[in-house]
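What follows is a pair of complexes built around chain A, which joins chain B in one and chain C in the other.
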Partner chain A sequence: MELVKCNNLCKEFDQKQILKNINLSISKGKIIGLLGKNGTGKTTLIKLINDLLTPTSGEILINGEKPGIHSKQIISYLPERTYLDKDMKVSQVLRFFEEFYTNFRKEKAIKLLKDLDLKIDAKINKMSKGMQEKLQLILVMSRDAELYILDEPLGGVDPATRDYILDTILSNFKEGASVVISTHLISDIERILDEVIFIDQGEIVLTSPADELRQKENASIDEIFRRCFKC
Partner chain B sequence: MLRKLLKYDLKWCYKPLLVFYILAIFFSIITRIIESFEQTLMVLIIDKICSGIVIAMLISILINCFMRVWVRVIRNIYKDESYLTHTLPVSKNTIYLSKILTAMITLLTSFAVIIGCIAIVFLNEISWDGLKQYLEQSAIFFNSSVFSLILVLIITVFFEFLFLIISGIVGIILGYRSNHLKTVKSIISGFGIYMILSTFSVAVLYLAGFLNPDIMDAFQNIEISSNAMKSIMFAGIVVYAVYNVILYWIGNHLLSKGVNVD
Partner chain C sequence: MEPIFDNERPIYIQLVEMIRIDIVSGKFEKGQRLPSVRELALTMKVNPNTMQKALAELENEKLIYTERTNGKYVTEDEALIEKVKKELAQEKVNQYLRSMKSIGISYQTAVKYLQELGGEDGISKV
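After this line comes the complex of A and B, so read on.
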């Protein structure tokens, strides 16, 4: 059974179609790049999978069930914005995650915090946006989830830190789990991808294993993407 | 999960409320102490200032009690924090119930603090005797005990204020279903629900007056009988309880259909 399955998924805002008939399957144990230019529907698709938006039509199934309590237990989601209560301390956020997610590993989070030089007693509103994003990544990667969905994890990060973040992702996701990374910074992530999904103007234009695509087109994913979208 | 959510909701709402509680109680005690001094012009001025602060604090408690719950609903269900709230392994119904329970609990404690502060400032031997006498007379007038009279009064006011808060919450849910002018639409929806249902309850009461002449008395005379007052009070409790249940159900139903966060 597929981990995520979208059948004829559509999303409209003000009669404008943001997603058009998305049919998609995400299987277990893969790292998938959801690639597309800005404003092509990547975040909308991710928000639909995470039950943050309601589909206009079509359906999403996660492990064969509609998004709900079960799907939220197995999906670990990193949004593109900071979502933590700014009045909390890092230690309080850890406790919060520990209380709500049975698959949250606090020791792992503390270790990652130390690695990234983040203080456990720091207040979130005293942290820079970059530090908050790192903290969120730690929280997300400290869960033993079956699917990690990372929306623009490299968005506001300097090139030097990007590699560190990618390594953190690679070395911390649960074995056998899948990772969906949405980004437009393809060259940075293409080395880790098993599969790619190209999305443009609300439609999936290409789905392929990354190596197969590289061999077939005799080019890197980044080049294929640029060619495909005429950048 | 409800208990955990409730814990965080209450913590968030009580943070500023506790400050107001402490300030209100502190200034109530100060006012009481000052009133025990010999009354000179300066003491009188300080007394008036302290009394003013107490009244301001009590109003702030009430306003903050409403606003904190509404802001919590907006932030937690529709703004940035909703990215965490809606990805917790908790149903939307539980999230909603937690907000309603938070509203009820903060309202109750705010009532207790307000009554307590008023008692600290104004209750002395003379006023206590006066109040006791007034309550006993009222109880005789209503043909009930003092305890049940106070209980009915508290329940009526509590349900009325709860109705106001839940109207606001349902207004927010309705307003945030659209894609534009969400705040404006939330205010209009919440205010609209409150006004329409309040007007409706007066209309229902008027219609009930045709069946019960005691109730019709309230629409036709300035002075009404104890029976009419009693009927109106009990009708008020029933009507507000029904409104609260209906509004709770509507909000729950709308939210369980799904959200579209910003």
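After this line comes the complex of A and C, so read on.
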């Protein structure tokens, strides 16, 4: 059974169609790039999968069920903007995650934080932006989830942090689990993708295994994307 | 060292090329047990599925084989390793001769220069 299936999914805001007839399936054990320019519906689609929005029409099934308590247990979600209370210390956030998610592996998070030399008693608002991004990623990747959804995990980070983020994703996703990464910074992440989904103006314009697409077009995913969506 | 990939070519093909070189150069010795797919993927910093695909291709070429339950091993077939090595050498020789030709150097001179300028350990004296 597919991990995620969208059937004729539509979402409107104020009579404006943000997502039009999305049909999509995500299978197990894959790293998928959800690629599109800014404002094309990536975050809306992600929020629908995470049950933070409800579809105007059509349906989403997670492991065959409508999004709800069950899907929130199996999906580990990194939102585009932080939801952490910045007055908290790292240790408090860890406790918070531990109480909230039964599949949160606190020891794993502590180990990853240690590798970064991040002090457990540090306050979040005292940390640099890059460090805060790494902390959030560690929290998300330390859950034994079936699906990791990362919304723009590379937004505004330096190249060294970017490498760290890619490494952390690769070495920490549970075997058999899938990862969806939404981004417009394609060249940075394309080498780790199994499959790509191009989304534009609320519609899915292409889905393909990444290597097949490179072979067919004799170009990088980044280059193909640029050709596809030339402004 | 971390490999650098060319995003314009399928990643799995580049992995096949890299591991093939590791085998003919003896970095992975004949008959040696390979690290697991996941470990290999982590050291090369690629997706485990992509590594799996690359290993399947090398298995097709008989350069590696799977021993049920025990993992993957480099072939014991020395003749095969030699053959693949020669094919790779052929490519390199072609490249060398082609680039010499492109700067107007004939085959005979190219061979002479190889000995004259190459140095004894095969590394340029310059």
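Annotations
Everything below uses one rule, namely that the second predicted complex is superposed on the first by the 230 of 231 C-alpha atoms of A that agree within 3 Å, B and C clash if a C-alpha of one lies under 4 Å from a C-alpha of the other, contacts with A are read in each partner's own complex, and residues count from 1 in each chain.
The rule we apply is simple: contacts are C-beta pairs under 8 Å (C-beta built on N, C-alpha and C of every residue); 3 or more make two chains touch, one makes a residue touch a chain.
This structure is a prediction, so every number in the text was calculated from the model and none was measured.
Chain B and chain C, once both complexes are superposed via chain A, fit side by side. Once the two complexes are laid over each other on the shared chain, residue contacts for A:121 go to neither chain B nor chain C. Using the contact criterion defined above for the overlaid structures, shared-chain residue A:77 touches chain B, although it does not reach chain C.
Once chain A of one complex is fitted onto chain A of the other, the partner contacts of A:158 are absent, as it touches neither chain B nor chain C. By the touch criterion stated above, A:96 is placed in contact with chain B alone, chain C being left untouched.
Judged by the touch definition given at the top, the superposed model places A:107 against neither chain B nor chain C. On the chain A superposition, the C-alpha centres give an angle at chain A of 160° between chain B and chain C, rounded to a multiple of 10. Here the smallest spacing between CA atoms of chain B and those of chain C, following superposition, is 27 Å. Touching of chain A by both chain B and chain C, each in its own complex, is seen for no residue at all.
Partner chain A is touched in their complex by these residues of chain C: 5, 7-13, 38, 41-42, 45-50, 53. Within the complex formed with chain B, the residues of chain A that make contact are 13-14, 47, 50-54, 68-70, 72-73, 75, 77, 79, 81-85, 87, 96, 99-101. Those residues of chain B that touch chain A in the complex are listed here as 1, 4, 8, 12, 15, 80-84, 86-91, 179-180, 257-261. By the touch criterion given at the top, residues 29-31, 166-167, 170-171, 175, 187, 190-194, 210-212, 214-215, 218-223 of chain A touch chain C in their complex.
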